[in-house]
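In what follows, chain A forms one complex with chain B and a second complex with chain C.
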Partner chain A sequence: MRRKLCLGFLVGAMAALHCAILAAAFIAPYDAGAQDRDLPYAPPTRVHFRDSSGWHAPFVYRWIPDRDGYRLDTTTRYPIHFLARGESHSVLGIFRSNLRLFQVDEPARLLFLGTDSFGRDEFSRLLYGGQISLATGLLATLITVATATLIGTIAGYFGNWIDESLMAVGELFLCLPWFYFLIGARAFLPLHLSVAGTFLLLIVVIGIIGWARPARLIRGIVLSARNRNYVLAARGFGASSFYLLRRHILPETSAILLTQAALLIPQYVAAEATLSFLGLGVSEPVPSWGNMLSPLQQYTVLVSYSWLLAPAVALVITSVMYWLLADVLHHWVQSHSIN
Partner chain B sequence: MMYVLQRFLRSVLLLWGLSFLCFLFTEMAPGSFFDEMRLNPQISPETIASLRTRYGLDRPLGVRYARWTIAAIHGDLGYSIAYNTPVTPLLWTRAKNTLLLTVTATFLTWLLGVPLGLLTGSARGKFADKLATPTSSFLLAVPEIVLAVGILALVVRWRFVPAGGMMSLGFEDLSPWQKIRDIAVHMLVPGLILVLGGVAVVERHVRASVLEVLNMPYIQAARGLGIGRVRLLFLHVLPVAANPAISLFGFSIAALLGGSLVVEVVTAWPGLGPLILEATLSRDLYLVIGAVLLSAVFMIAGNLIADLILVASDPRIRAGESNAA
Partner chain C sequence: MKSIAHLTLVVCLLAAWGWAAAPAPAAINSSEELQKEDGEVGQYGGRLVIGQRAEPKTLNPVTATDALSREVIGRCHADLISINRVSQKTEPALAESWKTSPDGRSFTLKLRKGIRFSDGQPFDADDVVFSFTVYLDEAVGSPQRDLLVIDGKPLVVAKLDEYTVRFTLPRPYAAAERLFDGLAMLPKHLLQKPYREGNFAQTWSLNTAPSDVAGLGPFRVKQYVAGQRIVLERNPHYWKVDRENHRLPYLDELDFLFVGGEDQQVMRFEAGETDMVSRLSSENYALLRKEQSRSGWQLSDLGPSLEYNFLLFNLNPIDAGKMNEIARKQAWFRDLKFRQAVSAAVDRDSIVRLVYGARGTALWGNVGPGNKLWMNQSIPHPQRSMEAARQLLKSAGFFWNDSGQLLDSSGKPVEFTIVTSSSNTQRMKMATLIQDDLSHLGIQVHVVPLDFRAMLDRVFQSFDYEAAIMGLGGGDPDPNPEMNVWLSNGATHLWHLNETQPATDWEREIDTLMQQQMVTLDYGKRKKLYDRVQQIIAENVPFVFLATPDVLVGAKSQIGNFHPAVLDHYTLWNADQLYLRAPARGVERAGIR
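For the complex of A and B:
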């Protein structure tokens, strides 16, 4: 019972996180690239409910640039408007709307997580950056899983020299110092690519490098499933290879595939973050959790503006969620497997 | 013996395959070091062409690969275009720094990880386990880059140890003893990041295999005979539970050169990591190939060593191998 409750909580939290990131345009108060050069490194805005005159609907104060930093202008209250009309945006590029979840009147700014060096809202960028980071993780995982299934199945089902040569290539990939290789592979691709181009390349390169380990697992399962009695019986009744694979063998791999995918996604999100952090991935002005962290390579920024660590927190939360999910799936697979 | 030879040959073949893969990659990729020069009007196309000839880049891939292989066997990994020196000594000075860091970190990781794994595995459900298991799960889940940036943020704020580089200013004037101290102090932050990430992995593996072994009948029997807990763990459980840990140890050796790139870059440790990053950004291809292959050598050697230790330590595997041969 308690386990079920935890699982429900986990799935709910993951759904909430992914929905928030998908609907970034609706939730984010500002666009990812919207700059305010008067407010570089502004600290997070606190939401207030009361002042000296008593309780109010949620409101914020405005930051005024000061000689040494910022001071809060507490003379005027700026109430937060919920579901108000603001600048128009498109959700997922499908439908346009000018409805936004939070709005606040100019000249105040709604900065839940402060701003970066260009005065861009960190909270909005975190949501938009999540789209890039999570999309990389998910799509690259899809590529890995698809490649691994294909190669693992061929190797396990057809056996003999096909198996041996495919697994030898797999061993080659397992021996790669893969992060060096990733950087090397990225090195030999043009540096000045369009953002969309880099993004796609990144997904493909990350996705292809990781195929060997899941392919080995799949091969093992296919190898043992191939010689089960019911498969042999079906073969005796004249089932074709394709039918056997589709109906009897591949379904057995699905549980392992799910677990592997849940393990790969956080690793790939981290890989994207690392590459972008080092300046080899998605580049400015498009936000990703990795390149949002790269200003922190300067110690002065690291010391003074702790709110810029927000993408690191987001990365940790996402990773932990996927690891927990993988753990749950793993236990589920173990308790339901035939062996 | 036959097995050792076979494994060794396989490793050499693997390395050879890798080097070819690297070369193929560089060939397929558009762009080269000279692209930037081409944009510069002060450098004539003839100069670039002669430079290309000098570095042998105008030859076909096969010829270049053959020449590179022959040179590499003699320990010459080519010439760095950006640094204008041979690659091998350049890699070697940096690799020494990396190894200094990673060997220390790996040693500490295992020194901490194995007892922790034994402790949490044997005290399942007790306080130590309840504290250590979620902690190690968390450390496993946290991406290395976040761990690095997070720890650095704490250290830079509190300023009690230097957070970057490997030596203080004026390092040359220090006495030998002070020099060692200086490097050790600088090693604290990158070392801590590496150890934290590594201990979780080691602890997890050791714990899992200890749990498995503790359920075996012979342990029940040993318990029944009244063998004490410490003696039971170290003399009866550990040798049987060691196999997964030995494989993992191979991975640790394998990652000595390739595993600390991010940490080195973040903490400005002058190892192989920052070098390869610069080489990548400037497309210094022989340097990149050299660094990738050097870390691949460690990778392959690590796996080989793990297999050899397994053969030496586990009679079951020895028997299997001699049956197969």
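For the complex of A and C:
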């Protein structure tokens, strides 16, 4: 019972995170690239419910630039408007809308996580950046899983020299220093790519690196499944290789594939973040959890503006969630394979 | 036995103490012609620790190009005529006086008599002639050779007697005496042999034994520990004295620690492990200012530096087959109105505020307010105006489509790439700000950070770039060092390199004016010529000038005679006069938290 509760909580949290990031344009108060040059490095605005005159609907105060930073202008309350009109955005690329979850009246700004050096809202960028980082992780994992399944199945099913040569290539990929390979691969590419181009490239490059380990696992499963009684029986009845694979063998691999995917996703999200952190991934002004952390390489920024660490916290939370999911899947696989 | 052991111990201790102590200044000999410095009188003793970004590469003054090597070498050697970093004017150094011939081509310098190198050997005209022979030798390949060659002809050095030298220039050269600043005089007795043997460029590497290195500067090399530090000790024969005839320098030792980048240098300074920090960024300066009242540091904002940052467009003629995208976009870049529109749209105030933390100045030309003697004050400083930018673009044949994108006259969307060095966070920020500014005009700009060397390769060799953000300048306020940038065949004429002849009329006019000012000796006339050059540059926008940072430095409170300057070397140019004050009783020592 407790386990089911924990599982439910985990699934709920992951769903919430992914939905929030998917709906970034709706939840984020501002656009990712919207600069406010009068408010660089502004601290987060706290949401207040009460002031000297009593309780109110949630409101914020405005930051006024001061000699050495900012001070709060507590004379005026700026209530938070829910489901209000803001900057227009496109919903799933289908239609445009300007409905946003939170807004405040100008000249105040709703800054849940402060601003960066250009006055851009960190919270909005976190959500938009999550789209890039998570999508890269998910799509790259898809490529890896697809490649691994293909190669592992071919190696495991046909055996002999095909198996040996494919696994040898796999070993080569396993001992590649993936970090330097990523950097090197990026360096070979043209100087400038469109945002979509960079995105696609990142996905392909990251995805192609990690196929070897899942491929070996799948090969092992296919090898053992190939000689099961029911498979031999089906072959005896004249089933083609394709039918055998589709109907009997590949379903065996689904459990391990899911676990592997759950392990790979956070790894790939981190890979994208690393590349962007070093300036080799998505470039300004498109946010990604990696390039949002890039300014923190400077000592003064790291020490003085700690709210900019939000993407790091997001990365940790995402990774932990996926590892917990992988753990759950692993237990589920084990309990099923006993049968 | 016991007494022998005791004796040995005492002898060892004495030897260790003797080795560890810096040499005392040599007693003053009446035959020495010493230079008297007018500054505050300090006290002897102490050791100054300075952080460096990385190890210097060499101790050889002739071949050193990097700033780290020059920082160390500059303290060990002296020149004939120096530029005082605070007044920015020339003053006597090893040459105690000089006469110029009426035609401005010959300089006869009288050297100080009785001066000795740091190893005790005498200095005379032979060393000067030898030094210039080495600097001018093409086989040695000194980067300073270019400064001594005018119109393709090198200057000629002749020894007139033991302490008199004459320099003859191929033609009159304005401010020729500024040429001598920074040219170290070399000891012939140590370097003649390697020079004759042809391996001069390899001599005086970092690993050279300190006894094989000698110079006329305030300090000499004591010890080099690879990967950690290089320690300089007092030159006991230094030729300067203070007002009360005490031989300089006051300090016993200068210790250069290899600590790392600016962040590490600031951390060490905060911890009290280093005594000085130079060229801070505004963020680090603000960080140090917060603790200043407690620590008593001397923090100075010296005002705008002499360097200038700019956005540059690729106007080099390129092979349209190989780089057809860039060739197509050059049609926009070549249009003066396009460049003027970009300049009108750039938000320089935000660059100063957000990139330099308000410790900087906006620029509309290559000579900014830091250069009081040469700035053309009448060049317009137009405020940012999107309206003006739009008007300019409209009149150049650009137009906007329904979604606000800017299109050129043939209907193609206007977009280009700015490359900049990934290690320079300030220029990266400028690129992001400009990207946002131009997006309001409907121009899509992509920012591509590149490794510094890769960027230089594209700008200087392959021309495979569209626009770049770079910086130049900073050495000397005098216009002559800027010749490389503004002469049409100059080595840093970045927007259009390797011109065999001027590509436009205005470049031709700049060529003529710069050549003229080079040989005009009167300051007033030179100023008029250089003013006109600045005006032409402002009108034709080969660079979109952006901003310049202030020079920000810091030092511990105990350092006396600390007079930082806007010119290199910002904090150590008067290392011979720096001294450590004993801390007053009751004052918290800096750095102890």
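Observations on the model:
Methods note: the second predicted complex is superposed on the first by the 336 of 339 C-alpha atoms of A that agree within 3 Å, B and C clash if a C-alpha of one lies under 4 Å from a C-alpha of the other, contacts with A are read in each partner's own complex, and residues count from 1 in each chain.
What we mean here is this: a contact is a pair of C-beta atoms (placed from the backbone, for glycine too) under 8 Å apart; a residue touches a chain by one contact, two chains touch by 3 or more.
This one's a predicted model, so the numbers in the text were calculated from it and none came from an experiment.
In the superposition on chain A, A:117 makes contact with chain C only, not with chain B. By the document's definition of touching, neither partner reaches A:262: not chain B, not chain C. Of the two partner chains, chain B is the only one touched by A:293; chain C is not. Of the two partner chains, chain B and chain C are each touched by A:303.
In the overlay built on the shared chain, the residue A:40 is in contact with chain C alone; chain B does not reach it. Applying the stated contact rule after C-alpha superposition, one finds that A:279 touches each of chain B and chain C.
More chain A residues lie in contact with B than with the other chain of the pair chain B and chain C. Looking at the shared chain after the overlay, A:68 reaches chain C, while chain B stays out of its contact range.
Under the contact criterion defined above, the residues of chain A that touch both chain B in one complex and chain C in the other are 191, 279, 299, 303.
Listed in rising order, the residues of chain A touching chain B in the complex are 171-172, 175-177, 179-181, 183-191, 266, 269-270, 273-274, 277-280, 290, 293, 296-297, 299, 302-303, 306, 309, 312, 315-316, 319-320, 322-323, 327. Contacts from chain B toward chain A in the complex involve residues 14, 17-18, 21-22, 25-26, 28-31, 137-138, 140-146, 149-150, 152-153, 156-157, 163-164, 254-255, 257-259, 261-262, 265-266, 276-277, 279-281, 283, 285, 288-289, 291-292, 295-296, 298-300, 303.
Chain A contributes residues 33, 35, 37, 40, 68, 117-119, 191-192, 279, 283-285, 295, 298-301, 303-304 to its touches with chain C in the complex.
Residue ranges of chain C in contact with chain A, taken from their complex: 263, 266-267, 281, 283-284, 286-287, 290, 347, 350, 353-354, 417, 419, 422, 425, 429, 431-433, 435-436, 439, 446-449, 464-465.
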